[in-house]
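Common to both upcoming complexes is chain A, partnered first by chain B, then by chain C.
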Partner chain A sequence: MDGIQRENGCLNTFCPIASVAWLHRKMKDSFFLIVGTHTCAHFIQTALDVMVYAHSRFGFAVLEESDLVAPSMTGELSSVIDEVVAEWNPKVIFVMTTCSVDILKMDLEVSCKEISKKLNFPVLLTSASGIDGIFTQGEDKVLKALLPFCPTVEEEEKEQSEERKSKWFFFNKEEEKPVEKPKVSNLVLVGAVTDGTAQQLQWELKKLGLDKVDVFPEGDLAKMPVINERTVVAPLQPYLNDTLATIRRERGATVLTTLFPIGPDGTAQFLKDICQHFQIDASRVEEREKQTWQELEPQLQMLRGKKIMFLGDNLLELPLARFLTACGVEIVELGTPYVHSKDMKAELETLLAKQVPIIEGPDFHLQLKRIQAYKPDLIVTGLALCNPLEAMGYRTAWSIEFTFAQIHGFVNAIDLIKMFTKPLRKWQALQEHGWN
Partner chain B sequence: MIIANYGKGGVGKSTTTSNLAVAMARLGKKVLQIGCDPKSDSTFTIAGRMIPTVVEILDKHNYHYESIEPEDLVFPGYAGVHVVETGGPPAGSGCGGYVVGETVKLLENLNLLKNYDVIFFDVLGDVVCGGFAAPLQYADLACVVSSNDFDALFAANRICDSVVEKNMSGYKVKLAGLIGNRCDQKDLLQTFCEQTGAPLIGVVPRAEDVRQSRVKGYTLFELEEMGEPVQELTAEFLKMAKYLLNDPPGVIPNVIGTREMFEIFRGEDTGHGRNSA
Partner chain C sequence: MVLKLAYWMYEGTALSGIARVTGSMKKIHTVIHGPQGDSYINVMFSMLERFHELPPFTLSAIGRREMAKGSRARLVETVLRVDEEQKPDVIVITPTCSSTLLQEDLDAVAHTLQARTNATLIVPKVNAFRDLEHYAMDQFLTQMVATFAEEQSKSERFSVNIIGPSYLGFHQIHDLEEIKKTLQDLGIEINLVVPYGASVEALRNITKAHLNISLYQEYGKSVCDYLKERFGMDYLSITPLGIRQTGRFLEEIGEKAGIDVHAYIRRNLSPASLISRCVNSVDALSSLYGKRAVVFGDYSHAVGVTYLLREIGIQVEWAGTYMKAMESSFKQELQGQAKEVFVCDDFQKISNKIKETQPDIVFGTQMERHSSARHDFPCVVISSPAHILNFPLHASPILGYSGITRILDNINGTIKLGLEEHLVNMFGEDSQEEEVQIAIAEVAASTEKKELSAGASEEIKWTPDALNTLKQIPFFVRGKVQRNTETYAREKGHKEITLEVIYAAKAHFEK
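After this line comes the complex of A and B, so read on.
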């Protein structure tokens, strides 16, 4: 890949089962059953402990040695799921398998289908192995498992063709030419963002004249949008590569490659590209963007000229860094676990044009040396590394926050920029009070 | 149609599969042969060389699946047969089963399993683990290659066991039958087939030409084209190919227990020093 260095370093990031944290709230009446070892269970218990939810809708089926030699998984899995159904009464269960299940080649596919038939609601198998995925990619796996619930044919079309069929039998002389409804393209935004964020983006598009904007996933399995060869898909998150590839391959839909709607610049380009595709006037967008940047001015003053470094762990680094360059920040290093050259093409072009050094799979030991050389004003990294870096005298921002905060669209730009300025303000305040 | 070929190590699966693949191509079919063995030597006689394995190609692209086009993995060979090698870890290390299992999934994701009339999975040895059994999850039919001796049939029995197991798990693969290879006689094969209910699809005699073809890097059909007198052998493969192309229903075999296997064949097989009658 041009312009991207590769260090093949060890990734300091969580595994995909951590995505349960936001997915179990997005999918209504769902339950996430993770099949793994007691260590996996302990990780989730500890990591998600920071969020106190009453009666969280996820749990574990812990593997025992007897499962390794059992001829079929259905019995054991079924009894665990019966317990889940008794207590949570879900309408859909996601069975997420972990590294152990994958490596041991335990085959749960048929068990899930059988249990699904028995319970009369979907029991969907998704692999959330940490061997080849990082935590945000858990969403990619779940969305791919939900794709079959997106119909290929509009309800209206189905009714129309039924109508036409019945008319055929009762007509005697002339065959009435069926009124062909123009085949419209529908726009589908893809990403498990909060309902609020999705609605904001739909509102922006409605103001531009696009009424038929669907979101995948919907919280309800019965309301998933149509995706067919006429559909235009606009991804909201950078880590949904497998789902997008499957949509291209199986549905023949058009997937837009544009900037992600993160930051006013990204949101503006996102909306403009959609407008261009649907041949709609986008002049309103520039006004919205300008207005948003004006509102961000106090924060921009704090950020201009600052040196920020991403160590890389959540796959949001490219759009976040791109937004910061638009804020006048110098990105001294953009570390990221993985760069999908095709889906990230637009972001990459923008970043490489500004000569941002992008390192895929950075080596942390080398990064430590570079931190000491660059002396960045802010380092964006995971919780594990933030505290030691703070102790070394650097300012840090927690990368995990970007997966929970609402960062999309014009409306949330102020919250997004504050996630970078808050640590700087905090440090400034401490300096002013004599804490060195 | 997807066919998975198994059999005891060294019994002649790759040779048999390659010749079957070419036979089917000669009958006008679009064929893909997928070698599922870390040794990656299944498709040698069709490609005329050791082709790069899926693992090697992925490694070159730094495991960036999105950079991989199906054309990178599939190579054209003799008679228009296309070939793929999954590859695997070096001898004595890693987990071959994991690589085979994951690679088969990758090929399915790339839609490679849809473009052919017939796909052969040539899978190493015994079905020792879930990874090597992965092709059985995609196959319509399984064939077992065996020689006319106890040990090969013992392995064949284990493979029949796997077919039964997959059916119990809800998969659709059926046993098309046994193919005898390097056989001067077929009495033990027939006993096994009677006991398990498996059809005996065909028997390829022990022939130096077959052994030589393998080492030289040609299928029998290519040798025939070069003027070698191997018509009887190629005819047998054409016969077997036609049988398989005729959509045989296949069976879920009766599994013979381990102790039973010893009892059935006790006294029948007195080792390799037997004279051909």
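After this line comes the complex of A and C, so read on.
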């Protein structure tokens, strides 16, 4: 898409395995097994400060040099998984592969299937290699692996295919007989958000007249929503490109092109587009949006006219920047690791209409120079850079906080905006006490 | 390749070891040749050490394109740019676990690139896939020193090099301050600290010192061996942790420097000193003496703390280290100091062992702190792996005499206080905690009334004397004492609780 510059960088971000931090909490009775090197383990335990979860439902199958090349990895992987099962008794195991598996061209697909069969519960292979993606994209890979658990037919229609449940691991779509299409289509919100966030969005939609709104993924494998060619999918997170592409391709579902429900403006557009699709009245939305903006007013006063720069980290940059422009903020630079022009179409149109300079894969060293030129009031960036930038005299917001916090919908808008105003307030407060 | 299940790594990667060396030194920039996530080193420095400058690490990323077309172009570009923009004295080009698997020849890249950079290019001679943090530090420190050290005439006054302190170590920067102060008190000059704060220029002058002091046993000794062999420099490798080891450390330095250190030692251990007043206090008799502890950590801290605990009268049930490569010397060193001495790097085994041992107090890493919390044992953290809490702002050395005072403070702040515990143990059973934890004010007011009247009005009567004695017992264990005594009385068929019955009950529960 025009209007986007490209640079060769954005290296101060994490790799996809970091997504275990929230995914292992989202998926009930799961275990995440990361197949990788010592670096992967060290990274997770130090950089993410996952020490708070010292004993939890993820672990590492660390590759160790031996006389090299085990004839098949199945035996190796199987015995590690046996240990995991003995300790945790999970209902699903996600085997996340990493760079080393990629480099060694190890294929664990068959192994996972065999182990799965042996244990009689799903052992799902997901690639989380840092060679390909950045940390939030780990969620994309996991959701994609969960798609086969979304039935293609409604509960009532599938009496005849009850056995399917016990045969989930074959993933064989041909087993499902074509069923007569009912008239109604279902709406599925896609993204690993907290139950609270999902409930809020469901509540908003219910008020608009949509009673049955599903969410993918559910924490429980047995409760995944139906996704078929009648399904309308509304993405909640901007980094689920693989999952969405697979939904389009394999399920023939309609994926809405709309803004992400982040910020009152995005949430309103999101709801309106859904309403339009389902041909229901959306007039209430504007009222909600207006009311939410009013609630934000004290914070908005602080943000209007401020210059904010995104260095690029977690792929939430586009919706966040779009929300900020609606707040009257000047986005001096919107750096983001990667721009998916199809899935981000609505966001991009809004941003480019406002001439927001977007840089894909920004180069930090060039950014450093631009920071000096732009003198932004706030820089949104990753953990590695915040403290040094603060010491240089800039205010920073940790981008990772936006990944961990609940920022979707009208109700959370106040928390979202405070994540931008808090560093500014802190700065003000400290200055009043002699810091400058 | 084989796979091994791990929930936790006690030791960091070779990459993190190299980064601790380069990141601690001055005007050295490190180019990390690896995939995206391997730039986490920056986060460790920025978050744990609260770096106010950009950490001196730049990633030369290996992405899809590099996998397909080779990573050399990106690496060359990155190195040249770092050279131009950062103007470092040295650029260290390091592989990571994954990039090692690509089997690229980084030496060759560095060799051809050298003609185009002002900085000296160095590729660590380690196997980033196989080697661990401390071994990599040991090897790489030696490589750095060997690259730059030159023959120099000795400094006029007796001076030493301190080898060991580095960023991301366990309280190492605090240790350094303590050692500096000690040496200053003794009138001994410091020529150089390696790696913390050392520049290439300073490394050239490392041979000016009369003595090398290696503070930690995990790494640093190879540097000393190298300097001894190549330049005939004398060295000393003792971790001054605990009373005896600190004494030995000082004495040996004194001997080499021709200084009498005994006055200094006496001053720190005399009856008037804080250490001695604490260890010899009557309070320590109940709070420390005979307590059962377990110790786990890296080599230096596990050994040192075991010594220290013995020196203050605590019993060490077992001592373990995760430094597998140092197994035999660990066992030899601590033989007879603890009932069991072992090496293990499986944190769950350690966790289970703690649970089985039921110690009064645990000394371990952040992992053991977690395990202890789960099983409700008090724990003092004495070794890496560390947490942001182990990067305190106030002076908190582990080494030297100040280190001893700090550990004693930590123990006192963690373990149950003498009298309190005495009473709980005497009369209580295993779940003593509840009583202690109940909000004090509320309980103080209500327990007395309720329990005493209840106790006095039920089938078993308390004589006035006995009741008086009961009242004198601190409220937080009083309920338990009362119940135990009554149970005992009932069992023995007493209708009335007299002083004799209390004493007999006490004897009964104490045995």
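We take it that the second predicted complex is superposed on the first by the 404 of 436 C-alpha atoms of A that agree within 3 Å, B and C clash if a C-alpha of one lies under 4 Å from a C-alpha of the other, contacts with A are read in each partner's own complex, and residues count from 1 in each chain.
Here, contacts are C-beta pairs under 8 Å (C-beta built on N, C-alpha and C of every residue); 3 or more make two chains touch, one makes a residue touch a chain.
Everything numeric here is computed off the predicted structure, so don't read it as measured data.
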{"item": "More chain A residues in contact - chain B or chain C", "value": "C"}
{"item": "Touched partner set for A:Glu287, first chain B, second chain C, both or neither", "value": "neither"}
{"item": "Which superposed partner A:Leu104 touches (first chain B, second chain C, both, neither)", "value": "both"}
{"item": "Chain B versus chain C as contact partner of A:Glu114, first or second or both or neither", "value": "first"}
{"item": "Contacts of A:Asp415 with chain B and chain C, given as first, second, both or neither", "value": "neither"}
{"item": "Which of chain B and chain C A:Asp343 touches, first, second, both or neither", "value": "first"}
{"item": "First, second, both or neither for A:Asn241, with chain B first and chain C second", "value": "first"}
{"item": "First, second, both or neither for A:Arg6, with chain B first and chain C second", "value": "first"}
{"item": "Shared contact residues on chain A - chain B and chain C", "value": "102-104, 106, 132"}
{"item": "Of chain B, residues touching chain A in the complex", "value": "62-64, 66-67, 95, 97-98, 101, 109, 111, 129-131, 133-134, 137, 165, 168-171"}
{"item": "Contact set on chain A toward chain B in their complex", "value": "6, 8, 71-72, 102-107, 109-110, 113-114, 132, 241, 245-246, 249, 338, 340-343"}
{"item": "Residues of chain C that touch chain A when the two form their complex", "value": "1-9, 12-13, 15-16, 34-40, 42-44, 46-48, 50-55, 58-59, 61-64, 67, 81, 85, 96-98, 101-102, 129-130, 132, 351, 366-367, 370-371, 374, 385, 387-388"}
{"item": "Chain C-touching residues of chain A, taken from the complex the two chains share", "value": "11-15, 17-18, 35, 37-43, 45-47, 49, 51, 54-55, 59-66, 68-70, 73, 76-77, 79-80, 83-84, 98-100, 102-104, 106, 129-135, 365, 382-388, 390-391"}
